[in-house]
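Right, one structure below, let's go through it.
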Amino acid sequence: MAIVDRVGSALEHGPGRVVLSSLDALFDWARSHSQWVMPMGTACCAMEMIASFPFTKFDSDRHGVIPQADPRHADVMVVAGTITRKMQPAVIRLYEQMPDPKWVIAMGNCTVSGGIFYYDTYSVVRGVDEFLPVDVYIAGCPPRPEAVQDALMQLREKIRQESIGPNTRHVRKLTLPGPGESRASVEPSEPGEVG
Amino acid sequence: MNIDELRDHLCGQYPDLCPLFSIEFGDGTLQVECRGLYDAAADLKSLGFDMLGMVTAVDRGEHFEMVYRLTSREMSVGMFLKCLVPRDKPHTRSLYDLWPAALWQEREVYDLFGIEFDGHPDLRRIMLPEDWVGHPLRKDYQDERIIKRPDYI
Amino acid sequence: MSGFVGGLVWGLAGGMLIALATVFGVWWERKVAGRIHMRIGPQTTGPAGLLQVPADTLKMILKEDITPAQVDVRVFRLAPHIVFVPVAMSLTVIPFASGFAPLNTSIGMLFFLAVPSLSVIGMLLAGWSSRNTYATIGGLRAAAQMISYELPRTLSVLSVVVLAGSMRPLEVMEAWRPWWILANAIGFLVYFISSIAEVNSIPFDLPQAESELVAGYFADYSGIRWGIFMMTEYGAVVAASLFGAAVFLGGWRWLPGAFGVVLFIALTLLLITAIIFVKWTFPRMRSDQLMTTAWKILTPMALVQLVIVGVIVPWM
Amino acid sequence: MSLQIEEQRQTEGPDGRPRQELVVNVGPSHPSTHGVGRVVVHLDGEVITKADMIIGYLHRGIEKMCENRTYLQVVPLTDRLDYVGSMYSNWAYCRAVERLAAIRVPERAEYIRVIVAEMQRIASHMMSIGSAAADTAAATLFIYSFDERERIIELFEELCGARLTYNYVRPGGVAFDLPEGWTDSVLEFTKAHRKALDLMDRMYFGNVIARGRLKGVAVLGRDDAVAWGASGPVARGSGVDWDLRKHDSYSVYPRFDFNVPIGENGDAYDRARTRLLECYESCSIIEQAIEQMPTGPHKVEGQPRLIMPRAGDAYDHIESARGSLGVYIVADGSPRPYRVKFRSPAFCNLALVPKLAVGHTLSDLVVVLGSLDPVFGEVDR
């Protein structure tokens, strides 16, 4: 349990709603300016994803975005490239290994909907949102590195609107789809008011 | 060496293989019985075809057609070696002993077509998960997860 | 102030220094690495990206602290502290200014070399308790590497001790003469290289080896526990640079008073930058090359240095 | 679909006591597998006693998809095969279609194809050398070589509007003629690129640690390379003098004067350096091609979009950055191919991993993988 859970729940039940809002501002600033990325690159999009991380031309380190190979050290998972049915359990495992709060960016048409591999193929999962809660989608086959950076900036905007209150935290339960169902059950912990 | 010289060379060395050799689209093809595939391949190897470039199969309805692409470095020429495998319980002899390159390529054919290779040391699925049902590159492969592309040419 | 209270105060001060040095050091490294890579580095968070590392740190504190199901929980939670504390302790013997070292003990030189190497126990525990193959290999590699490089490092510092005739850091500094730089050139090289190995920086970052072991012995740590490992790493870089700048390069001896301290900090920064340059220039070694370097190259070099000093000292 | 690794084996140590192997799972998402490959290695200490390469995590069934596309619609799919060298898959596929449908390509188109293919070779080798260096933690070289690649990508973007998936080489020619002034930019690039190559050569291949890491690792004998069907820099690093551009020449390559760099020892160092030396040769081919390039149409005039070759099968191959990339098409007289098979060089080269990795340490496993330069889009298809 992270410290933030205790802080959040203590303030929720205490008199500290006002304190919570300024804490929100501080914490959201920290989270939004330090998006460490777990590059989940599988196919073509991985090349453009690599190009958009600290490289000479598109330097995402300017905004504090650096790649981390270990899912335990990352905040944002960028799923770049086609996800096949064989790969799907590995992606879910890696997502589960990331510590909360965590976000997912679906990069490229393959991760949005299956893209060019929508028809006629037997092994491609049509979009990562079948089994992961996606925050930002990037269209393109493959998207340009600028688009990846734009997605990170949009994710920053999204993080800024979050609260550390326990109800709106990023807790989502994931289960592997069974043989009959295609869509994983994605359920927020509790439907609560937005702080 | 061009393809006609190859035919002459082959006919000179192995007269019994000569009638099975044909030329189409500028490429030589040796169509053999699958029983004699291994021996024909061994003959071709001793003829100078030292690289096994490609192993694949084609679903021809009644049969599967095994296609081997052989390349000779010293003659700078390539050719096909083909044989027909019956559809029920398809199996043929592995060429792993002649060219280790067949190791993965035959696994791929096994995975996607379901053709078994006798004498293959490690015949497992390679592309698809171990628990996959069916062999997708067969023309009669059924999978409800496939969405057929609308037909607009 | 003495005894327990003094230790507590200086220990806390050491911890704070490490924290501050880490905040600045990470920013500096990212900027320098950016220059090496022909890019900018942190830029938009705060002026010149200076607030980038505070934001990272705050975020790291707020992250979920995962204790995986398979780990040995108590050891897993304890390990980061075992790594951190010895490095913070080692800062207490550094002669920061004329007549001022927080812990002016008669075995200060030995203390600085011996205590931080205790953190290898923490690394081993972290790797072992994670029950993760990568972490286990990383922990074992860390143990082998740090113990191997203790020897050349200690021998190289020994030559300074022989020259000064004392193991008390302040007395060594008082006895320091500019020509020691030349006399100790080989020893300084050995100290610099083995320090890089001690702080697990490239080309000696085998215990972490991002491209092989993903993150090595802290692969299963997240949140602030991982932050402690990161902080220790930079703290060790700062401690090694401070010590090297003092006893090998003379530190504050060149200029009087406060100017000397400023120069000392500048020399330290120079060494830190050198370590960063090495980090972003060289590939990583393999474990057998690592051992060869330690036992067949650096240790003989340090012994040669000791012989040179041994010849010089009777003539002093 | 289990991610579990197999049971650890009990072996007997030299002193007769039972010893348990450490089984380490590398991948499918690992920083050094260059994609989604997975290797399960059995370790004795840090020495690999058994390695099992598992692929297929990117198997998208492209060959099945091709059977429901027209011949022209397959071209974008070939882009996604080898995503580091899309031009090669385009070209190899188009050559096979042209052989089937008996299309004669205009000379200017052939020259343009050669130029883009050689540029693609540089781009692909830059990626390969850089990522192999990054596996040994030389991140800076990766960034420098990626920067060189980025320049080529910019030129390609100017040429066909895409950075990665070009869809540029089409049956019967190329999609667009060269933009105005493009060849001058290319010549400027080749001039600057030679200097960058010199820098990389000094920085990495002259570095004592890098030489220690690469030399003597993953040694592949010449006979083994041939028997295992290795091609491209992997085979040439082992001393196999086999380059389709030279020895089974196609297109307009006979008109150019270039060398084929050959390694001696067949280790990771020779492979990587063969790639570096090939970049020099590619620069020279590009310059010669631009000098000799004729004017004329860039594609066959009046070529119908719906290609319907007569029934039959054809195979054609080109020398891609990874080796001989072949395409085998079976036509049945309809507008769609009956069967398309891509003979992928990376697939054949990668089959060597279990053989090459045994006896080396875990640190060398990433060097072995990097030296074979797999692109999993092409391996798994």
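Quick notes on this one:
Residue numbering begins at 1 within each chain, and the chains themselves are lettered A, B, C and D in the order written.
One rule holds for everything that comes next: a contact is a pair of C-beta atoms (placed from the backbone, for glycine too) under 8 Å apart; a residue touches a chain by one contact, two chains touch by 3 or more.
Quantities reported herein were computed from a predicted structural model and do not represent experimental measurements.
More C-beta pairs touch across one of A-B and A-C than the other; that pair is A-C.
Separation between the centroids of subunit A and subunit B, computed from CA atoms only, is 45 Å. Mean C-alpha position of subunit A lies 35 Å from that of subunit C. Chain centres here are Cα averages; for subunit A and subunit D they lie 32 Å apart. Computed centre separation for the pair subunit B/subunit C is 60 angstrom, with centres defined by C-alpha atoms.
Across the assembly, subunit D contributes residues 1-2, 30-31, 56, 59, 61, 64, 68, 143, 147 that each touch 2 or more other chains. Residue numbers of subunit B whose C-beta contacts span two or more other chains: 127-129, 136, 148-149.
Counting only residues that touch two or more partner chains, subunit C has 37-38, 210-211, 214.
Chains touching one another, given as pairs, are A-B, A-C, A-D, B-D, C-D.
Here subunit A touches subunit D in the complex through residues 40-44, 46-48, 50-51, 54-57, 69, 81-82, 84-91, 93-94, 116-117, 119-124, 141-142, 144, going by the rule given at the top. Listed in rising order, the residues of subunit D touching subunit A in the complex are 1-3, 28-31, 35-36, 56-62, 64-65, 67-68, 76-77, 79-80, 83-84, 127, 143, 146-147, 150, 163-165, 376-377.
Subunit D makes touch with subunit C in their complex at residues 22-25, 30-32, 43, 46, 133-140, 143, 147, 204, 207, 209-210, 212-213, 361-366.
Remark: subunit A residues 1-4, 26-27, 29-31, 33-34, 36, 54-56, 59, 61-64, 69-70, 72-73, 75, 97, 99-101, 164 touch subunit C in the complex.
In the complex of the two chains, the subunit C residues touching subunit D come out as 36-38, 133-134, 136-137, 202-203, 205-206, 209-214, 280-289.
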